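Accompanying notes for the structure given below.
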Amino acid sequence: MKTDNKLKGRDLINVGIYGAIYFVILFAVAMLGMIPIFLPLLSVLVPILGGIPFMLFLTKVKKPGMIFIFAMIMGILMLLTGMGPWPLLTCAVAGLLAELCFKSGAYKSAKKAVLSYGLFSMWIFGNYLPLFTDYEGYFAQRADYGEAYISAVQKLMPLWMAPVLLIACFVCGILGGLLGRALLKKHFEKAGLA
Amino acid sequence: MVELKHVSFRYGLGESNSEQASSLSDVSLTVRDGEFVLLTGPSGCGKTTILRLINGLIPHFYPGVVEGSVTVDGQSVQERELYETAAQVGTVFQNPRSQFYNVDTTGELAFGCENRGLPEREIYERIDGTVARFRLEKLMDRNIFRLSDGEKQKIACASVDVSGAEIILLDEPSANLDFEATLALRELIRLWRRQGKTIIAAEHRIAYLWDLIDRAVILRDGRTIRELSGKEKDTLTGETLAVMGLRSTMQEAPDQIQLPTIKEGDREIILRDFRFTYPGAGHPVFDFPELRLAAGEITAITGSNGAGKTSFLSCLCGLEKRCQGSLELDGKRYDRKARQKLCFMVMQDTGNQLFTESVLDEVLISLPKGTANEKARAVEILKQLDLGGLLERHPQSLSGGQKQRLAIACALASGRKLLLLDEPTSGLDYAHMMETAGLLRQLQGMGATVLVVTHDSELIRACCSRRLSFSPQYTGRNNK
Amino acid sequence: MAYSSERSQEARRGFLDPRTKLALVLILALFVMGGLGGEALRSIKTVLSALPFALLLVERQGKRFLRGVLMLAVGYGLLFALPYLPGVLNFIALMCGGILTRFVVTVVMGEYLIASTSVSEFISAMERLHMPQAVTIPMSVMFRLFPTIGAEWRSIRRAMRMRGIHLGGAKGTQVLEYQLVPMMTSTVRIGEELSASALTRGLGGPVRRTNICRIGFRAQDCVLLAGCLFVIAVWILEICGVALW
C-alpha cells in the first residue's frame, strides 16, 4: 500500500463516523446541562464518556490532520447549536495540541493517545468562556439586578474557576482516555473493531 | 469487458474477522460487454470478494495481497483510484440500511454524478430519465429513513442507473427483501438487461435471476468449481444444487405454501384484543379480536414488508405499551408485563441484543437468579447449540449464524417458552438455512413454541408446520 | 405530468439561504450572547434577540417557538422572583435565570437553523462557501449517521428490556458498557459499509463537486444580510468613538 500522508475519502468518513458517536454522547450529556446547575458537570462527564469513541477513533488515525478536523467540526457544531464562536477557538488550539501529541507518538503510542485525548478535551472549556468574558459589561446593561447577579455569579463561578474548569477538562480527559483504552482492550479489540 | 486473470487474494490483517471475507485462489473470469453472469456458491466461497476486486474496494478499501490481474475495459483496477473506477462500475450492496449516503432520495440519486462534478442540468435530466423508467415518482423527495427495505433497494439500483455505469455489480441485493420486493428488483434488472448493461451478480437466492442470466459461475472455497451456460443451467436438479450448496432455482411465494394456522388437537395459544397502532397513525397495522395459534409447533408468519409482522413480535414480547391485549397459554393468562418473561425474541440485528464480553457471560446473565451450578448449566446449553468451543469469544466477533445461536442459547437459559425469530435466514446460504431449520426443530423437540417471521419459502418447507398469514384479510375488522 | 427533479428541488427551497442563517447565527452569538458592543447597540440587540423567534414563526415551527418562549419565561421568571427567594434558592435561581436568559437566543437560533435546513441544503451551502472536503465529508457522514445511532440505541434498549436486563444503580458502569458498546459496534459497522458504498460511487475524487440542491440569495436574504452588515458597521463606528445616537 502507498504510504502517502494525504487524507483520503475513507479517512474523512472515519472522522465522520466517530465524530457522530462523540457528538451524540456530548449531546446526551448536554441535555443534562440544560438544567444550568449541571453545567459544570459537562467538563467532567463529556471528557470521560467521550473517551470511549475517541480512543477507538485514534486506532484509525494514521495520518496528520484527522484529529484537528475532528476538533474543528465539534467547534462548528457548537457554533450551530448556539454555543457561540468561542468553542471554535478552543477547538483549534486543543485540536492542534492533541494532533501534535499523537503525532509525536508516531500515531500508535498508547500513552500518547491518552494524553492526546486529555489535550483534546480542553476544547470543552470554550463552552464556558462566555461566562467568564465580560460579564460586568453584559450585565451592567440590566442595572435592576445586575449587581446581585454579578456578585452571585462571582461566588459560584469566580474567575479562579476558569483554570479549574480547564484543568478538570484535561484531567477527566485523561480518565476518559484510560476508560476508553480499557474498553478497547475488553471489547473492541476482541470484537475485531480496533 | 471485465477480466480476471489467475487472481489469488488474501485479506490483510484486521479483516480476518469480517464475516464474508474469504480468499480466492487462481480464479479466472471473463465477462463480455452486455453479458449477465451470476456468481454463486455457499457463504465464504469468494463471490463477494470477486465483486470487490472488480469495483476496486479490494485493495483500496479492504487491504490484502492480490496476485494476477483484474481489468475493466483494459484498465487495471488496482492501479487506478477508486473514484476513477466509479464512473464505469456501479455496485448495489446487500444491506439496504447502510448503503445510502444522503438522507433524502433525490440527493441519493444525484450523489454519484455530483461526485464526478457533472453539470447540474445534466444530473437533473439523468434523474428524470431514471425516475420515469423505474417508475419511482412516489419515492422521490422522501426521507430515506422512512422507506421500507424494498424501497431503499430500489433507490440503490436507481442511483447506480443515474450514474450511468455500464458495468453493474449486485452483491446479494435481495438478502433483506420479501417476495414482492424481490420481484420488483428482478424487473429493474430486466430493464438493465434490455439496455445492454453488463451485469455481475453474487447471490444465494438464485431463483429470481435464474432465467435472466447468460451464465452461472459456481464457486467453492475460493475456486471456480463449475460454469453453467445456456441450456446446461436448466437441466440442474434440486439434488445437484443442494450438493453444490445452492438454493433452489424455483421461485415460490411464501403465501402460497398451504399450511394451517391451527389444527384439531393442537394445544392453543389464544391472543385476545391484540391490536397495534403506530404512534400518529389512524388505523391499526393489525387487529386480532381473538387469534388462536398452535403451541409446541413451528409457525411461520408471512406477509409483505410493512404488514406489521415485526411489530407483532414486539407486542408478543410485551415491548409495546400501546398493545394491551392478553395471551392465554395452558389456562394461564399473561398480560403485557408477564409476557416479557414468557417470550424471547431473536432480532434481525442479533448483534444489538448481545451485551457482554464473552459467549459464556452472555448465557450466565440470562440464567434465572439462584440457578444451581450456574456455570455448568450454561456450558451445557452452549454445547447443545454447538457453541461449546467458543466460550471465551467476544459475542460481537461471531459470525451471523453463531450470534443467532448464542441468542437462542440465552433464550433457553432464561427458560422462556415462546421463541420468536425475525427473519433468521436472510442472507444465508443453503447449508446455513438448513442448519437454522434443524435448530428450530431441535427447540421444538425441547418443548418450545416457535414463531418465525420469514419470507424464505425454503425455510418454511424445511421446518414449519403452521403458518399465519399477515395479509389484510386476516388482520381483523378495520382493514379494508 | 412527468416528474421533474429540478422543479421539485425548486419547490423545496427554504425561506432563507443557509448561508444567511449562518451569518445570523454568528451575529447573534457575537453580539447578543457574547456581549460585543456597548450602549449604542442596545436597541439593536433587542431586535436581534427577537429575530430567531420571528423566523420560527415564519417557518411555522410552533412547537419550537413555544419551547423557546418557555425557556425565556422561566429564565426571566426566576430573575424576577429573586427578591422573594431565600439564601441558597436565591442563588440557584440567579444562576439558572442568568444562564438561561443568556443562552436562549442563540439556542433558539440554532434550533431554527436545524429545523429549517435540510442536510443537502446545508452541505450545498458549505460547498459554496468553499469549505474543503475535509470538513464537508465528515459533516455529511455525521448528519447521515445521527438517525442511525438513534435507531440502534433504541433497538439496544428494547433488546435489554426483552432480555430482562435491569441494572440497579450500583452497576452504573455496566449499563454504560451494555448500551455504548453494542451501539458503537453497530454504528461503526454501518459506517464501514457506508464508506465502502460511498467510495464506489466516487466520493473523495479531486474534482469540484456539483450539488443539485437549489440554494441562492433572494430578497429576504439580502435584507437580513444587509442588517448584519449594519450591525457590524454600527459596532465599528462605536469602537472608533463615533456615536450615532
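Read from first to last, the chains carry the letters A, B and C; within each, the first residue is number 1.
As a working rule, contacts are C-beta pairs under 8 Å (C-beta built on N, C-alpha and C of every residue); 3 or more make two chains touch, one makes a residue touch a chain.
Values in this document were obtained by computation on a predicted structure and should not be read as measured data.
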| item | value |
| --- | --- |
| A-B against A-C, pair bridged by the larger set of C-beta contacts | A-C |
| Farthest chain relative to chain C (centres taken as mean CA coordinates) | B |
| Cα-centroid distance, chain B relative to chain C, in whole angstrom | 37 |
| Rounded Å distance between chain A and chain B, as computed from the means of their C-alpha atoms | 39 |
| Rounded Å distance between chain A and chain C, as computed from the means of their C-alpha atoms | 18 |
| Of all residues in chain B, the ones touching two or more other chains | 61, 82-83, 396 |
| Residues within chain A bordering two or more other chains | 9-10, 187, 191, 193 |
| Junction residues of chain C, two or more chains touched | 140-141, 144, 177, 181, 185, 189, 194-195, 198-199, 203-204 |
| Contacting residues of chain B [partner chain A, same complex] | 14, 16-18, 59, 61, 63, 82-83, 357, 393-397 |
| Chain B partner contacts - residues on chain A that touch it in the complex | 1, 9-10, 186-187, 190-193 |
| Chain C-facing residues of chain B, complex | 55-57, 60-61, 81-87, 89-91, 93, 95, 97-104, 106-107, 109-120, 123-124, 127-128, 131-132, 136-137, 140-141, 145, 159, 163, 314, 317, 319, 340-341, 343-345, 347, 349, 351-356, 365-366, 396, 410, 414 |
| Complex interface listing, chain C residues touching chain A | 22, 25-26, 28-30, 33-35, 38-39, 42, 79, 82, 90-92, 94-96, 98-100, 102-103, 105-111, 113-114, 133-135, 137-142, 144-146, 149-150, 176-177, 180-181, 183-185, 187-189, 191-192, 194-195, 198-199, 203-204 |
| Residues on chain A engaged by chain C in the complex (per definition of touch) | 7-10, 12-21, 23-25, 35-37, 39, 49, 52-53, 56, 65, 69-70, 72-73, 76, 79-86, 130-131, 133-135, 137-139, 141, 145, 148-149, 152-153, 155-156, 183, 187-188, 191, 193 |
